[in-house]
């Protein structure tokens, strides 16, 4: 393949940063969580690119693991969000600041 | 111009655009859909990177299962209607963006120093996987990463239990204070709470 | 038993604590008091046994006890006694029964009170006997807690503020001490905290380093002493503390600081000690005069005594850092004497307070006509504290002045100015308390009770005895100080005092 | 299970003597030698957890006693199994180098198991006294969390670290939420931030992989040492990993979740997680820093140095302004993270030992402290607010005395273990030449002492001005007493612990 | 060593101070129960002490002149690193003179006190203090080194404090007592510094050693410094200018106290000190001049004050100051024998006059104002006669002791070519005679000017006996020193050496002048105050404001108060209330406040918004990575 591997890595980095922005600027718990998913995907991309760089399938396996983990995380995360919504009738994270200082 | 180059330059922008779209769109549903698009692009990248197996998994697990789950929750909660975007923390966005850019630059610098912007992946990757990518992945998985693989099983059980705990609405004794809080929060839960509270 | 004598001295009070704790709520206040008294008395007895086994001619550490404690960092349990610590220990074990007996009037939470007292005694004894820097530091820190509880729990109106201030002030000081100790430990290569070993090893340190470490040690002790300008915790703590608390603070805890100076700073960093001596002497002299002047300005009798302590401890520090044998011995002597004299003063102030329920000078007066004996004792203590010859403080002050004079005429002269000031503020306050017409509400106050006589009499007696025959102390103190001084400044040790022996002979002839 | 392991061991050829990769779609995949003894504790924990789960699922009305017994049994067996590994003579690393079998791990396991046991006991009491609704799933989740923690301490492979991290995190998210409204909020905060930080951590793993082409610590260290590794990426990886761990150990500036979660989560859960999470994360961190990134020592020590300073200062100063004991303990956990990091600035055995000692000491103190806060000021809206502590000494002297001991120990006043712990870490730091750091630490510990003393002061010198009552039941007080005695005994005879640690502080890879 | 020659003396010396000490101890604890026997006990013990002293002195005099020295070493008081101070007693002719005066007159005054204090409920305490005083005074004069001397020195100060303030319930008394102690303490402190210098120079405080080597050890300047520091102590104790202010106020104490402490013994300790240390003064020379000038100034100053007083005791107080001035004049002229004789004589007649005054006050029911008296000679003849004898003695009427003393002094002044001293001395003598005359006239002559005066009564026998005894001593003691080279001087030679006299006016001429002056001034005094021909009130009015100024001691007190005392108080208040409370402690609290504020400010970061937390977390992440990037 002709594309420099760095491009993929940079793409991953950019996506990760975008995901970060999403985490930071959103007030909607679901959006935040989606952004986290974006980050994880960016990481996966990075892993796969490195796998290609090293000529080592291991990287892909790692990405696979991270997908599994992501899946598990999603389950729990969504469950938490649902329970939050049940209790507060909103998933606006800024609403939850009873504890501070 | 070789194919993979074309593919990259076609899909990378789309992926970024989709990500940005996810950020800026007003509706959560759209955001989810943008994310699906992004995942798709990434899947394509996997293909370019000779990770056929992951390409499949990406499509099935992410674009398929996970995002559907998301959409399902969105619908369940019906939060797509009420979407307040006003920013109370006025410094939050600028700082966030600046930091993100900084982070990206740092990663970029590391990559540039570490990998080099023009380094090409060595050839002969397919030689390592005579029986195809899936076979190779499985081999590595079950040989070197046997134990992590086992560990993930625990993870999944935990996730299942967690979901169960959080999902089921068990009646719970509440302290006076909470009861007060509940009263404001969710009127319809009150009587259930009260009747079971000794 | 015999080879663990010092450990017994240190930890015996904890047995009392144990007993009280086990006794629990069932134990009556009365029992608790008597128990505490008994325990402290026994401790005193044991310490007398130490005195018995002490060889006065031997300047080095005796009855030493050494055991590995935390080998991973070379921490050891080393305790030993020399001519200096011996008297600190005896002073402690002597003042504690007195304080306990003086606390008979405490009625709230007696059990917890006595527990604090006993824990405090153990901690103090530990500081005086420890020869391992960390062991010392442990006790040094540990004694903050019971004192904190005593002040905060049984003190005056602003007790909480005073207690917290006392605790943090001293802890902040000791922070530097800890760092210095660890640094010393890490950089001398001798991976031990044994004072004796480090004293040799510290000689290898670069001069600059040694000086910084010296400061680290010194600040901690300067706060404890307290040396001007680090003294401001003292008035509050003294004023708010309960009687026994004040007695122990003034009598013993301040000595911990001075003791630390002579035992550690001088021993470990002789060069630095010499290098900083002048600066420290200046501070000490300022403290002497400043404390006296502040005392003059007080309206609260306890505060006044507290400031007088600042002045007197200035004497001690001056003596220690004038680094002549006379001055150092005088300093140590002054530590004991001040402990007794100011201890007595606080005891008596406490007795007066228990009757009049005021500490304000302008609300007393004429008490001498109502309570001749109590005020008589008071007067005795006042003159003892004012350094009247024949009472103990005089010898100490005189030796300090003489010794200092040999080094610096100015400091010697300035220090003796405090003699006048001392007389002024002490007599002034005594006059306000004892003389003049008596106030109506004080007409029916009772004179000293038998218990109070038993409390105060021994202290006053010692003041007289040590004043007339200080040799009791000096015979054992002198060799140890001689050793220290020779180590720090060999040239100072003896030469400053021209000993024209012939005439000295003629003097003591007959 | 052990037999199975042997059989497998016989069956499979050793990875060193691999046949050339067989071709063909349905050729069997040779698996590496499987030696399971070192992971028996984890397996036991999971096993009991599953049993507990099944019981919860199928019992009509699950009894807390059964759960308690099950959980304690599981923990006990796990602990014993771990102790059996003390003299492990087999390969230092097993299961394809993904698990390290050394005393370091054993140590961690024992501590974690104990912490979990206390958490379980506290929870049982709390629910028993009706202050908290019983959720049978608590017990299995705690066991799973413990398993994850043990795993993270034992992990010799970054991906395993990551998975274990997720196991314990997911369990803790849920456990955090097992309370009222506040715990719900706490759970959400903890989860969102946790997910965010674990993404960073994973990115770090990826970078490590990119730098060295592997995630196995032994290979990483050899790669980096042999300079075959890629410096720039390795540094990036190191940074990201430190950040990920920093979140778990609550080091500033990654600590923000701590006070809220500590305040919001049910006290028994906090008692467990405050101690266990720190222990697990720190043990893993030590493995990563002192083994995997050993070649980069000169680069990571300054980072740790900086984090340490920020943590102690921020933690101690903010403690001074608190009005809620659980929150106070939250910030104190930040400060303590800083102290431990100070110990780690000496990148060698001394630092590791100091940190281990401190971690164990901290676990005892914090578990004890939370155990007492659980009992104070029950049946009030703000049980852990300072107001509930006014006049505690007069109300229930026992609790006051115990809490005082723990607080003094946290403040590092001798003769408590807290002092010895501080002594060891400061000693380590100074030996590494970082005396300025120690000066900062010591001074801030004075501020911290002020914060703790404010509580002591309220307990002893203040008259109660709000109507409060305490739970004076015996069992938890006995537990507290045991811990308090431990605090004092270890403070007076630290060698009891230090000697053990000395022999346990050798990391194998 | 030398003392060893008279061991039996040396071995009994301790008994002399020990006896009164025992009395003090007993009376202090059991005085209340002893009742009136307290006084008896005290008196007996002092008499015993006097007996022992007498025996010791006689024993001492059996030796040849140079061997008249006995030293008893009781124990080592201080011994630190080669610096040793023994608790030593020393008996030589000088201290012999002193102990006889102290014990003898002390005994008589004790006897007198039995009567004087008969009604006082606290007489147990009183006699305890008195005995204690005698003890300390004896230590002072017997001390064989400066430290023992200093012990006595401070001790008598203490007793003076206790006894002046004995009736402390009256507001002024305590004030006076404190003033006395502190004023003298100022001098004492300088003296203490002097001691330090001595140690620094000699390494010992022993008289023998110091005086033996002083010539070789000390330079002139060093000697001057030491001498002046010691003299400062003397000034304080002997109430010389500028520290004379305390003595007049000290008169609020019981009269026997004034007689014993503030006339006969303690105040003369200064003279004793200077004579004892004459070696140092002589090496310096300058110091002697200073002593002379101070003495002269004081003598005149105090005399002028004495003239204007109305309080009989204050007259005596100022006269005492003035007479002490005379003694210092003698010392300043190196006429130590004369000075010592003056001391003895003065002790006798001044004690006599004080006791007389006491008897008067007693008879007048505690009335001390002479304007309220008059014509008492009829009511109390014994008192009148004895008092008159004392007065005439001080006025310098031969053949009474005072005459010989003053005459010898003036003769020395004249024959050593100190005309100025002679002249001024004579003036002072004139003034002395005048106020003595005035006092006698206002008190005993003329007619009773008040109720009390008419009903005044003679005192009881126990009080009159001492008066008579002292009167006789005043008459008889003159033989000790009929001229400057009299027996006293001879006796003191081994201690103080001799000073040769030059030529001047013939002795007879001097005597003539002296007597003439005395009689003339007495006559004038009688004409003004005794004859009744002069309206004293109008006369005084004419003298204003001089009179009042003199009565107020020329406002020295007021000046001190304005210039020193008040400012000092202000400074003290300022230091404690502002500097310490606000500045130094303020700094401490400031730091604490800073921490608190930063805490309450810093906790605002913890907004409760989870996104803020994330932001901070990410910020930290970026910084960490940046940090690494920069470093790596």
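A few notes on this one:
Just so it is clear, A, B, C, D and E label the chains in written order, and each chain counts residues from 1 on its own.
In this text, contacts are C-beta pairs under 8 Å (C-beta built on N, C-alpha and C of every residue); 3 or more make two chains touch, one makes a residue touch a chain.
Owing to the predicted nature of the structure, the values given are computational and were not obtained by experimental measurement.
Common neighbours of chain A and chain B (chains touching each): D, E. Every chain gets a centre from its CA atoms, and the centre nearest the mean of all protein CA atoms is that of C. Across B-D and A-E, it is B-D that has more C-beta pairs touching. Between the CA-based centres of chain C and chain E the separation comes to 36 Å, rounded to the whole angstrom. If you average the CA atoms of chain C and of chain D, the two centres end up 45 Å from each other. Centre-to-centre, using mean CA coordinates, chain B is 69 Å away from chain C. The distance from the centre of chain A to the centre of chain C, with each centre set as the mean of the Cα atoms, comes to 66 Å. Residues of chain C found to touch two or more other chains are 168.
Shared interface positions of chain E, defined as residues touching 2 or more other chains, are 603, 606-612, 614-615, 618-619, 621, 625, 629. Counting only residues that touch two or more partner chains, chain A has 9, 16, 19-20, 23-27, 33, 53, 56, 58, 65, 69, 72-73, 76, 80-81, 83, 87-88, 93-94, 96-101. A complete list of chain pairs in contact reads A-B, A-D, A-E, B-D, B-E, C-D, C-E, D-E.
Within the complex formed with chain A, the chain D residues making contact are 159, 162-163, 166, 170, 173-174, 177, 181-182, 184-189, 191-192, 195-196, 198-199, 202-203, 205-207, 209-210, 213-215, 259-260, 263-264, 321, 327. Put simply, chain C touches chain E in their complex at residues 165, 168-169, 229, 231-233, 235, 290, 293-298, 307, 325-326, 329-330, 366, 368-369, 372, 383, 388-390, 394-395, 398-399, 401-402, 405-406, 409, 412-413, 416-417, 419-420, 423-424, 427-428, 431, 434-438, 468-471, 474, 478, 482, 493-494, 496-504, 506-510.
On the chain E side of its complex with chain A, the touching residues are 603-604, 606-611, 614-615, 618.
Listing the residues of chain C that touch chain D in their complex gives 68-73, 75, 112, 134, 137-139, 141-142, 144-145, 148-149, 152-153, 159-160, 163-164, 167-168, 171-172, 175-176, 178-179, 182-183, 185-186.
For chain D in complex with chain E, the touching residues are 188-189, 192-193, 196-197, 200, 231-232, 235-236, 238-240, 242-243, 246-247, 252-254, 256-257, 259-260, 296, 299, 302-303, 306-307, 314, 317-322, 447, 450.
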